[in-house]
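Both complexes shown next keep subunit A, but they swap its partner, so subunit B is in the first and subunit C is in the second.
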Partner chain A sequence: MATIIIPTPLRKFTNNTARLNVQADTIAKTVDELTLNFPDLKKHLLDDNGNIRSFVNIFVGNDDIRNLENGDTVVKADTVISIVPAIAGGNF
Partner chain B sequence: MSTQVTFSSEELARYNRHIIIPEFGLAGQQKLKAAKVLVVGSGGLGSPVLLYLAAAGIGTIGIVDFDVVDDSNLQRQVLFGVNEIGKAKVEAAKERLQALNPHIELVMYNTQLTSQNALDIIKGYDVVADGTDNFPTRYLVNDACVLLGKPNVYASIFQFEGQVSVFNYKHANGEFGPNYRDLYPTPPPPGLVPSCAEGGVLGVLPGIIGSLQALEVIKVVTGVGEPLVGRFYIFDALSFESRTFNISRRDDNPLNGRNPTITRLIDYEQFCGVKAIEKPVKEITPKELYELQVKGEPFQLIDVREPYEYEIVNIGAELIPLATVAEQADKINKDQPVIVHCKMGGRSAKAIRELEEKYGFTNLYNLKGGIIAYIDEVKPELAKY
Partner chain C sequence: MIVLETDVQKLIVQEAVESYPNECCGFLYGNEDSNGRRIITLARVVTNVKDGDKRRRFEISPHDYLEAERYAEEQQIELLGVYHSHPDHPAIPSEHDRAAAQPFFSYIIISVNNKEPGAIRSWRLNDDWQFEEENNHLIAY
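Now for the complex of A and B:
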């Protein structure tokens, strides 16, 4: 099963779980399963049209899915998927 | 240019450990001395960045910050000490950094970076290090750097996570590397991501991430090593895992993609939705609340902060954290005034808007300035955080 790494700001929506395993063969299906299991994650990952939000990046291995096949990017059993939202802190 | 840069015997002694590194040498040190670096924000990230850049001998360092030193800064902003509380950060920073290295020049901008002044301030510098704390300024710094062709050494932190990249780096062939808008085309709408005051940060994290930021500034200035261009580094302090992702330019980047639509600085508050017209909520001042309490008038007081904040200090309100307001709406009275408060007034305004929209409340009042203003104005003996 592929592994998804959940970033700190979103862990409150995944029962504080940092790593999740998902049985899916594409990124789109992975996100579907993820938001089905954790409905509160949905508005943080997807816009009203069901597209990945533009301030959230999803990387498969080291690569941005926008440079791969977006939602159709293939996910294998040993794939590590990272969700990386924009954060702005620094001066505070 | 760098061959004209000379050093006094004190400087040569000071920078000896740089100069003896074969890949760095006197030439590297000359490049540092000739360089002008602008650090935007002198807080959590700016502290280590400034300390290391000053110590390393960057010839001219500009600092933009409009804030004053507060005691809640000292958990992570190692540039400042107890004696500087209440002082302008740029003033306190200048004293500390000049004492650390008298051979460098420091230029202070005791102001907020805005669309009006950003280009004027940034244009005189070779490299910008962005250590600000909000999305509007992040996009402002990015856009100004792209419009001016300056490299932007970016770092950002939140709670236990840090991010670093070098944006808009000009390669030897004249092409520029990706910038912030290639990575994140638009910011999250306000409210979706907790603000700094709500989210918090582990004090040592900006020390780690800011040091990496200083490293990248030095690499960009000297040309030593491979700067973090087209790559995006993230660090998770909890798991002690770091990952480096590949990032690239996007054709639809509005600044320097195929069809640029942004040719000058815009209104970044509006772009980030900060100015989005939000329905105003009714307010009550801390003094007015105190009068109601003294007179014994009937009202309900609700605190929408988190339980751990309530434990630190509370003013006897019923605790209904913001995230649970909707499901606990039945606990909120409709037949008497209800005063809602949080730490500073932001979350309570959100709670009021949600309750008014979903449940038709008309009797809700936001405590202006939150519990902090109440403590300042009415109960200074209570603990502040």
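Now for the complex of A and C:
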């Protein structure tokens, strides 16, 4: 099973668990599995159209899935997936 | 309540002044007690990678974020938030800050006006995705 690392700000939605195992074989299915098991995560990961929010990045190893196959990126048993919140802002 | 230790406060002030007129940014680490009181014991500076006008925007790269999480795990401390500066603007989160904000994190904002450090205030998202100010205690130095 692949491992997914939950970032600190979202751990309150995963019972304070930092690492979870997922059975899914693609990133899209991983997100489905995750939001099914932890419904409160959904609004933090997905927009109203069900797409990954623009302020959320998903990495496989050190690679952004946007530079791989997005949701179709294959997940293997030894894959480490990280949810990486975008940290940004400005003064007005 | 959030408490900034002296060295943290000094670093944030120094970075805000030295980065002026651009925005500075970094991560905040420490611990939270059972009453929800956060003690920030360490701040780490991060490069503002925003493409474009850094005087009014900041952005932290995903790789720096991943490194920040790894550091917290290695050091057995909690990643509790982010600081950034508002050059020539008050230490109040903007709509842009709110849109990108993450739950749980404390967002410390320092105002810096013409290289003079101003107020340091801390904000956290509530369940309605609105910022609420945290009772912010600065240790004098």
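Note that the second predicted complex is superposed on the first by the 87 of 92 C-alpha atoms of A that agree within 3 Å, B and C clash if a C-alpha of one lies under 4 Å from a C-alpha of the other, contacts with A are read in each partner's own complex, and residues count from 1 in each chain.
One rule holds in what follows: contacts are C-beta pairs under 8 Å (C-beta built on N, C-alpha and C of every residue); 3 or more make two chains touch, one makes a residue touch a chain.
Just so it is clear, the structure is predicted and the values come from calculations on it, not from any experiment.
Visitor: Check whether A:7 is in contact with subunit B, with subunit C, with both or with neither, and answer first, second, both or neither.
Guide: both
Visitor: Touching A:51, do we find subunit B (first), subunit C (second), both, or neither?
Guide: After superposition on chain A, A:51 lies in contact with neither partner.
Visitor: When the two structures are overlaid on chain A, which partner does A:67 contact: first (subunit B), second (subunit C), both, or neither?
Guide: So A:67 only meets subunit B here.
Visitor: Please indicate which partner A:84 is in contact with in the superposed arrangement: first for subunit B, second for subunit C, both, or neither.
Guide: both
Visitor: When the two structures are overlaid on chain A, which partner does A:17 contact: first (subunit B), second (subunit C), both, or neither?
Guide: After superposing on A, A:17 lies clear of both subunit B and subunit C.
Visitor: Using the superposition on chain A described above, determine whether A:59 touches subunit B (first), subunit C (second), both, or neither.
Guide: both
Visitor: Which residues would you name on subunit A as touching subunit B in one complex and subunit C in the other?
Guide: The overlap between the subunit B and subunit C interfaces on subunit A comprises residues 7-9, 18, 44, 55, 57, 59, 62, 64, 82, 84-92.
Visitor: Under the definition above, what is the set of subunit A residues touching subunit C in their complex?
Guide: Residue positions touching the partner: 5, 7-12, 18, 44, 55, 57, 59, 62, 64, 82, 84-92.
Visitor: Applying the document's contact rule, which stretches of subunit A touch subunit B when the two form their complex?
Guide: Residues in contact with subunit B: 7-9, 18, 43-44, 53-55, 57, 59, 62-64, 66-67, 82, 84-92.
Visitor: Tell me, which parts of subunit C touch subunit A in their complex?
Guide: Interface residues on subunit C, with respect to subunit A: 23, 25, 50, 56-60, 62-63, 65-66, 69, 72-73, 78-80, 82, 84, 86-89, 93-97, 99-105, 107.
Visitor: Please give the residue numbers of subunit B that touch subunit A in the complex, ascending.
Guide: Touching subunit A from subunit B are residues 41-46, 65, 67, 130-135, 138, 155-161, 163, 183-188, 192-194, 196-197, 199, 201, 206, 232, 234, 236, 238-239, 243-248, 250.
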